[in-house]
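Everything on this sheet refers to the single structure shown next.
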Amino acid sequence: MEYVYAALILNESGEEINEDNVTAVLDAAGVDVEESRVKALVAALEDVDIEEAVDTAAAAPAPAAGG
Amino acid sequence: MEYVYAALILNESGEEINEDNVTAVLDAAGVDVEESRVKALVAALEDVDIEEAVDTAAAAPAPAAGG
Amino acid sequence: MEYVYAALILNESGEEINEDNVTAVLDAAGVDVEESRVKALVAALEDVDIEEAVDTAAAAPAPAAGG
Amino acid sequence: MEYVYAALILNESGEEINEDNVTAVLDAAGVDVEESRVKALVAALEDVDIEEAVDTAAAAPAPAAGG
Amino acid sequence: MEYVYAALILNESGEEINEDNVTAVLDAAGVDVEESRVKALVAALEDVDIEEAVDTAAAAPAPAAGG
Amino acid sequence: MEYVYAALILNESGEEINEDNVTAVLDAAGVDVEESRVKALVAALEDVDIEEAVDTAAAAPAPAAGG
Amino acid sequence: MSDSAAARRTDTIPEWKREEVAELVEFLERYQSVGIVDVAGIPSRQLQSMRRDLHGSAEIRMSRNTLTVRALKEVDDGLEELTDYVSGQVAFVGTNDNPFGLYKQLEASKTPAPISAGEIAPNDIVIPEGDTGVDPGPFVGELQQVGAAARIMDGSIHVTEDSKVLEAGEPVSEELEGVLSELGIEPKEVGLDLRGVFSEGVRFEPDELAIDVEEYRSDVAAAASAARNLSVNAAFPTAGTTPTLLATAAGDAKALGVFAAIEDPDVLPDLIGKADAQVRSIAAQIDDEEALPEELRG
């Protein structure tokens, strides 16, 4: 999930979610970065409104206790 | 939330969640890092089982993702 | 299920959901295509609002991903 | 979602879920295929038991029919 | 949680949530105030709409990991 | 609600929830303290198991906190 | 106390009264909160036991009303406002507890008591549904006469539904007294009724002193929720909320992953589940079985 977290941090800092930035964040965290996953992430997020995607989750019903 | 995301990346990469590492990740993402918030987060995480907390979210019904 | 998935891919790519296209997708996947099923599916989907059906499913609490 | 649908068709037809096959299915459907997403998908599925994921989904409470 | 309560009182009294005020409230309550946590709190709340944050339900707390 | 918040800070700091302490906290927060409200609060909380009430809030999917 | 006031009255008041007033004044000055309680109708033995129960937190002091009023006026200081409440059988109550606590304590010390014929019902009197345990006999008629739904069942007299037999404010009849006594129903609450309190400069009436503890309990829960929400939503970690904060962050990532169909190993199971649900949703709208995959045919 680290790639997705990287995108979320960039979204909050207001930086562009591009390959260089995602790679830089993951590098800093000591992740052994796979270029294709970075590319795939950036491509997947291209037309996505991240705020909306995250808020949709927040509106979801509270999780049922695991079991 | 970017501070928490940073901690979670470190958790996945297996790096120690300490002030230096969290700061490095946030720096790389262009976040204007507040030292006190890093300190507070690192201190708070000392007593928390991160895997368990994260698993709670994973076990939860996935959020209603829009189309 | 593969016939319906084929229709869903066509729906996302914006291609028409007709017999030729569904057959092409299934062929590419190595499916032994039954012409009558393709016909029946294409005819049946004419009366279905695919976007709505997909959104309905998405809005439902998605299942807990196996741990 | 089209990448996921493609993988699921292959899963049903019993063909291997590899980059070539996924690309072929998406091509046939007129999708403008992103190579990195195919790669990421195939890599990610190596660790995922598709049957189990589907079964978990089926076991989940049926979605309230959309209103 | 006492730091958060202090912020909530200041929010209701209409006083600014700054380090001096938070410290004064905590002092009055006999709390052994940690300066860095006060700083972190003030920084965390800087751009936050407190009314909204208070009304938005946080995810349920981590249930005991499912059996 | 500021009177209740004040009591909760005292509860966390381990100080007694009495009229003097509640008043001191509210004073420090710039609240224009009504003595009779403090008195009523202190008397009422004698019969409230604060830990239990707080735990109730934590265990329930956080309700939108009333005004 | 005011020496000059005392001196002024010296020649008009008998010695014993002067001493009594002086004692009352001393009582009033000893406590932060002083109230007037109604003691009418409390049997003296019960009053004794209430005094014992209050010992250590509140003290009751009785006197003649004229002297009570004189003492209040003597202390002045706002306490003379309490003279409004001095009528009938009353007493002083003094406490260093706060007036809300005093009210609570006095309410808690009230005990049920039987009501006699001729007395006015302080509240509606209800005979509850159930087996009275009384053997069949004329008591059925007595119950029915006072307005209770009664009949014989399984060898004893039953009241078949909650029956209101007297409205609040109505006098109790001889017959009703007898029925209630037979059933052991004690409809009165007897105790020290607080008429008013003067506490550190403020006068409180009983309705102001009746605090709803449940409301405070729910306020505490709401305050705790508010703090939790703020802590999580502003990402300020506290001991209690850090796990929730982590779960929220992980949930954000998962939501984004599913929403954008990101090909991540942690997201794919959800995506597969979602795809499966979509197929089922479409299948549910198709009538033609021929068009459906075998596993989805009705």
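Order of writing sets the chain letters: A, B, C, D, E, F and G. Residues in each chain are counted from 1.
In the analysis below, a residue touches a chain if its C-beta (ideal position, glycine included) is under 8 Å from a C-beta of that chain, and two chains touch if they have at least 3 such contacts.
All values reported here derive from a predicted model rather than from experimental measurement.
Of all chains, the one whose mean C-alpha position sits at the greatest distance from that of chain D is G.
The chain with its CA mean position farthest from that of chain E is C.
Look at where the CA atoms of chain D average out and do the same for chain G: the two points lie 61 Å apart. Per-chain CA centroids place chain C at a distance of 58 Å from chain F. Separation between the centroids of chain B and chain E, computed from CA atoms only, is 19 Å. One inter-chain figure worth recording: chain B and chain D are separated by 30 Å, centre to centre, where each centre is the mean of the chain's CA atoms. Residue numbers of chain F whose C-beta contacts span two or more other chains: 1, 5, 8, 58, 60-63, 65. Residue positions 223-229, 235-236, 238-240, 243-244, 246-255, 258-259, 261, 263-264, 266-267, 269-270, 273-278, 281, 284 of chain G each touch two or more of the other chains. Here chain F touches chain E in the complex through residues 1-2, 5-6, 8-10, 12-15, 21, 24-31, 58-65, going by the rule given at the top. The touching residues of chain G, when paired with chain A in their complex, are 247, 249-257, 259-264, 266-267.
Residue ranges of chain A in contact with chain G, taken from their complex: 1, 3-5, 7-8, 37, 40-41, 44-45, 48, 50, 52-54, 56-58, 60, 63.
Within the complex, the chain B residues that touch chain E are 34-37, 39-40, 52-53, 55-57, 59-60.
If you check the complex, the residues on chain G that touch chain D are 261, 263-265, 267-269, 271-278, 281, 284.
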